[in-house]
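We call the chains A, B, C, D, E and F, going by the order they appear; numbering starts again at 1 in every chain.
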Amino acid sequence: MTRLSHLDETGAAHMVDVGGKGETERVAIAEGCVKMRPETLALIRAGNAAKGDVIGTARIAGIMAAKKTHDLIPLCHPLLLSKIAVDIEADEALPGLRVSATVKLMGKTGVEMEALTAVSVACLTIYDMAKAADKAMIIQDIRLLRKTGGKSGDWSADPINGN
Amino acid sequence: MTRLSHLDETGAAHMVDVGGKGETERVAIAEGCVKMRPETLALIRAGNAAKGDVIGTARIAGIMAAKKTHDLIPLCHPLLLSKIAVDIEADEALPGLRVSATVKLMGKTGVEMEALTAVSVACLTIYDMAKAADKAMIIQDIRLLRKTGGKSGDWSADPINGN
Amino acid sequence: MTRLSHLDETGAAHMVDVGGKGETERVAIAEGCVKMRPETLALIRAGNAAKGDVIGTARIAGIMAAKKTHDLIPLCHPLLLSKIAVDIEADEALPGLRVSATVKLMGKTGVEMEALTAVSVACLTIYDMAKAADKAMIIQDIRLLRKTGGKSGDWSADPINGN
Amino acid sequence: MTRLSHLDETGAAHMVDVGGKGETERVAIAEGCVKMRPETLALIRAGNAAKGDVIGTARIAGIMAAKKTHDLIPLCHPLLLSKIAVDIEADEALPGLRVSATVKLMGKTGVEMEALTAVSVACLTIYDMAKAADKAMIIQDIRLLRKTGGKSGDWSADPINGN
Amino acid sequence: MTRLSHLDETGAAHMVDVGGKGETERVAIAEGCVKMRPETLALIRAGNAAKGDVIGTARIAGIMAAKKTHDLIPLCHPLLLSKIAVDIEADEALPGLRVSATVKLMGKTGVEMEALTAVSVACLTIYDMAKAADKAMIIQDIRLLRKTGGKSGDWSADPINGN
Amino acid sequence: MTRLSHLDETGAAHMVDVGGKGETERVAIAEGCVKMRPETLALIRAGNAAKGDVIGTARIAGIMAAKKTHDLIPLCHPLLLSKIAVDIEADEALPGLRVSATVKLMGKTGVEMEALTAVSVACLTIYDMAKAADKAMIIQDIRLLRKTGGKSGDWSADPINGN
């Protein structure tokens, strides 16, 4: 049976040794969404029309959170991220906001967790800024979309529900 | 139209003034889950049988993250949380792990964001610790289940899909 | 001669005991500015017209920094800030951006340092976001404008240069 | 018109991609000052004569803050700083304290923000430690003095007011 | 058999609920020491004679660390510490430096961990600043000396080895 | 007389310049222990038998603290640690728990402080989780056991008391 790489032979947690790995360019893209009532989305978009603050604040929160990943996830390595971008778009069909994050690194470990953390915290920030209007929002479908680089090679997610 | 409480009259973001609010006991309960392949769940449970580290580590990560909420979510107030509990259970039907968090405070603002942040970071930690075996895991249905206390009163979520 | 309150009788630094102080509402307002070339200001304002990001990002950075004050300034107490607002306005006459911050607390110590820290980090963020265009920007005149509450009472700054 | 490097084509903030940049030695030197009444300066110097704590504490605060720059300024990259030095000197003519910081890195981005952050937080710490005696102190003229290394090459500030 | 208060009935870690506890003044005093060669102590004291930096830096590090206790120790509550003092004295008989920390709070939980954390980090800082001269230093006898306040009442340590 | 490397020629603290140092593999191993009453050890081991949380939580706390070393120890450089492992074992003869930490880096400075910090915070966490049962526990004999790599070469500690 495959072993979980974070557990040693006795099952105890440790931070995996990446000292021997070569430095390659790593990219990870993650996505997620916040589902809400149509009125809540309209409210955010109207606020956005005036000053852009819900989406702008969530984007900044996501970028800053990616840099804190190793401080949040116990067994993640500290990394010198070379790029972080967070995109947030309204989706009337959801209805809600779709968040994606792209993270790059020239280094020894992948940046999947950094991309997923950026998406998660951007979603939490959207919830925080709109919760006075709608406490029933749901954060959904946070997942890795694609990663490139590293010994395990490239990887892409299958579509969800035909998307 | 209702106004988003984090936006002032010009639409600029600010941290809401809670100085005039009374101190009452606030409780918030949030939940979420990580959906995975049955083999991945089996792997985590087997590791867990030996030393309990995936679930134990995710629980600690969730508790510590709740204390960092104001450092992650730009407009959240720093709070003196009086209790944080994170529960993680295997669900063969999902299949995956279900996470819930309960946060308490005697104070002036609600603790919804702290409970949601604890759940999100516990889910991210589960993903991190099992991603060598399964990159296609999805973090789903992170939402507030219930809150009590405060001027806006008690609130409970509707069931999802009849649950 | 007056003694500096952070130095004990031997001159060693310590965090002043505020346990015996009563809780009153404290407010502090601080200000500062970033002086730049007129073209740089035009560039920021044009960017601002499109998406508002320089000013919006600096505002968020100032708010988040106020919450970190006790982690930055060695002898500051951790505080439960109840309100933080940061305002940033263009001033063609400077030319540059003027930043002000208002911080409130119901507590035992003043919030002067929190307001000054919010202003400083908002100014640094403005510098960061515009430095590709203008490295010669100068951060100036960061000072306390007014404080109210607490045993030492209210205080207001004298105008600078007749302002 | 030149574009601000932190704004993408739609004006949204992102962390600039430095993955393709070469590693060179980068040095940045920044300065600033805290202007105060002559009696306040005398008080600090007398305390300093005994134990050196105001200046010593501000120096440590500045060094530690440089390491937190990427946690304070939203779009700064995390960096492996190889040297941080902060110097603080009394200037009777100001009157007040002059602060300068030198930061070095072998890496892909400049360290201007780290040097400016070190100066800003050292100045804030001086204010904090002397504010019981003098709330009217002003933090002034925080600016980059010089940078070397990197694709944009070397740069030096013009003198202020003939200094 | 007594139960460890951090483990619930199933043995899982949680942050103890202190919401129902009354606010009383809590004080905790902890101590520890760094044992070193006599030449190392002489070196520190000589450096200290000139500028006081080893001891001054360790004192600041201890004070700042006390404020981070809840961020370091997973199940500690965030607290509004009202006083932190760290004392460091040379002891020729050890030979080495003795560190003690006093922490105060008006609140619902004890501050033992904050005092012990301040002592530990002050000792680590002493090690760091003198390790170029002496890697064999040992950090010893970190313990709680006394606590007052709270439901469990006052407590004092027994002397070590007749001290 | 040897000079302390953190003090410059005037005795002021600074962060040593490591820019010119070559990157080599560095390893540091540190150890320490928490001495307690036999009943306390039995209590921890019984809890451990059920869910492993005292030891598991302390291990995670130690790993996370190693990553925060540069944020705790004023003159430590930020580092890209490639491995952190913390081991905790019961020792009936002590009686108590023995903690050791191994840290690895491919870089320019040693990782002694990271290993010592991991041990210290793991010991503090053990104290925290068992203090309801035993406030008289003592954290002892925290020291560097061995380091390899770097210009100063390899180093091993002498045994303590014939161990």
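What to note about this one:
Quick note on the criterion: a contact is a pair of C-beta atoms (placed from the backbone, for glycine too) under 8 Å apart; a residue touches a chain by one contact, two chains touch by 3 or more.
Predicted, not measured: the structure shown is a model, and the values here were computed from it.
Common neighbours of chain E and chain F under the contact definition above: B, D.
Relative orientation of chain B and chain D, expressed as the C-alpha superposition rotation angle, is 180° to the nearest 5.
Note on E-F: across the candidates A-B, A-F or A-C, the interface recurring with over half of the contact pairs conserved by residue number is A-B. With every chain reduced to the mean of its CA atoms, the largest distance from chain C is reached by F.
Mean C-alpha positions place chain C and chain E at a centre distance of 32 Å.
One simple way to say how far apart two chains are is to compare their mean CA positions; for chain C and chain D this gives 16 Å. Our note on geometry: chain A versus chain E, Cα centroid distance of 38 Å, whole angstroms.
Residue positions of chain A touching 2 or more other chains, listed in rising order: 12-13, 51-53, 56-57, 60-61, 64, 68, 71, 74-75, 78-80. Taken as a graph of touching chains, this assembly fits none of the simple shapes: it is neither a line, a ring, a star nor a complete graph. Which chains touch which is summed up as A-B, A-C, A-D, A-F, B-C, B-E, B-F, C-D, C-E, D-E, D-F, E-F.
Residues 8, 12-19, 70-71, 74-75, 77-80, 107-108 of chain D are the ones that touch chain A when the two sit in their complex. Partner chain C is touched in their complex by these residues of chain D: 1-2, 4-7, 10-13, 32, 43-44, 46-47, 50-54, 56-57, 60-61, 64-65, 68, 71-76, 112-113, 116-117, 120-121, 123-125, 127-133, 135-144, 147, 155, 157-158, 160.
Against chain B, the residues of chain C that register as touching in their complex are 25, 56, 59-60, 63-64, 67-68, 78-87, 104-106.
Put simply, chain D touches chain E in their complex at residues 51-53, 56-57, 60-61, 64.
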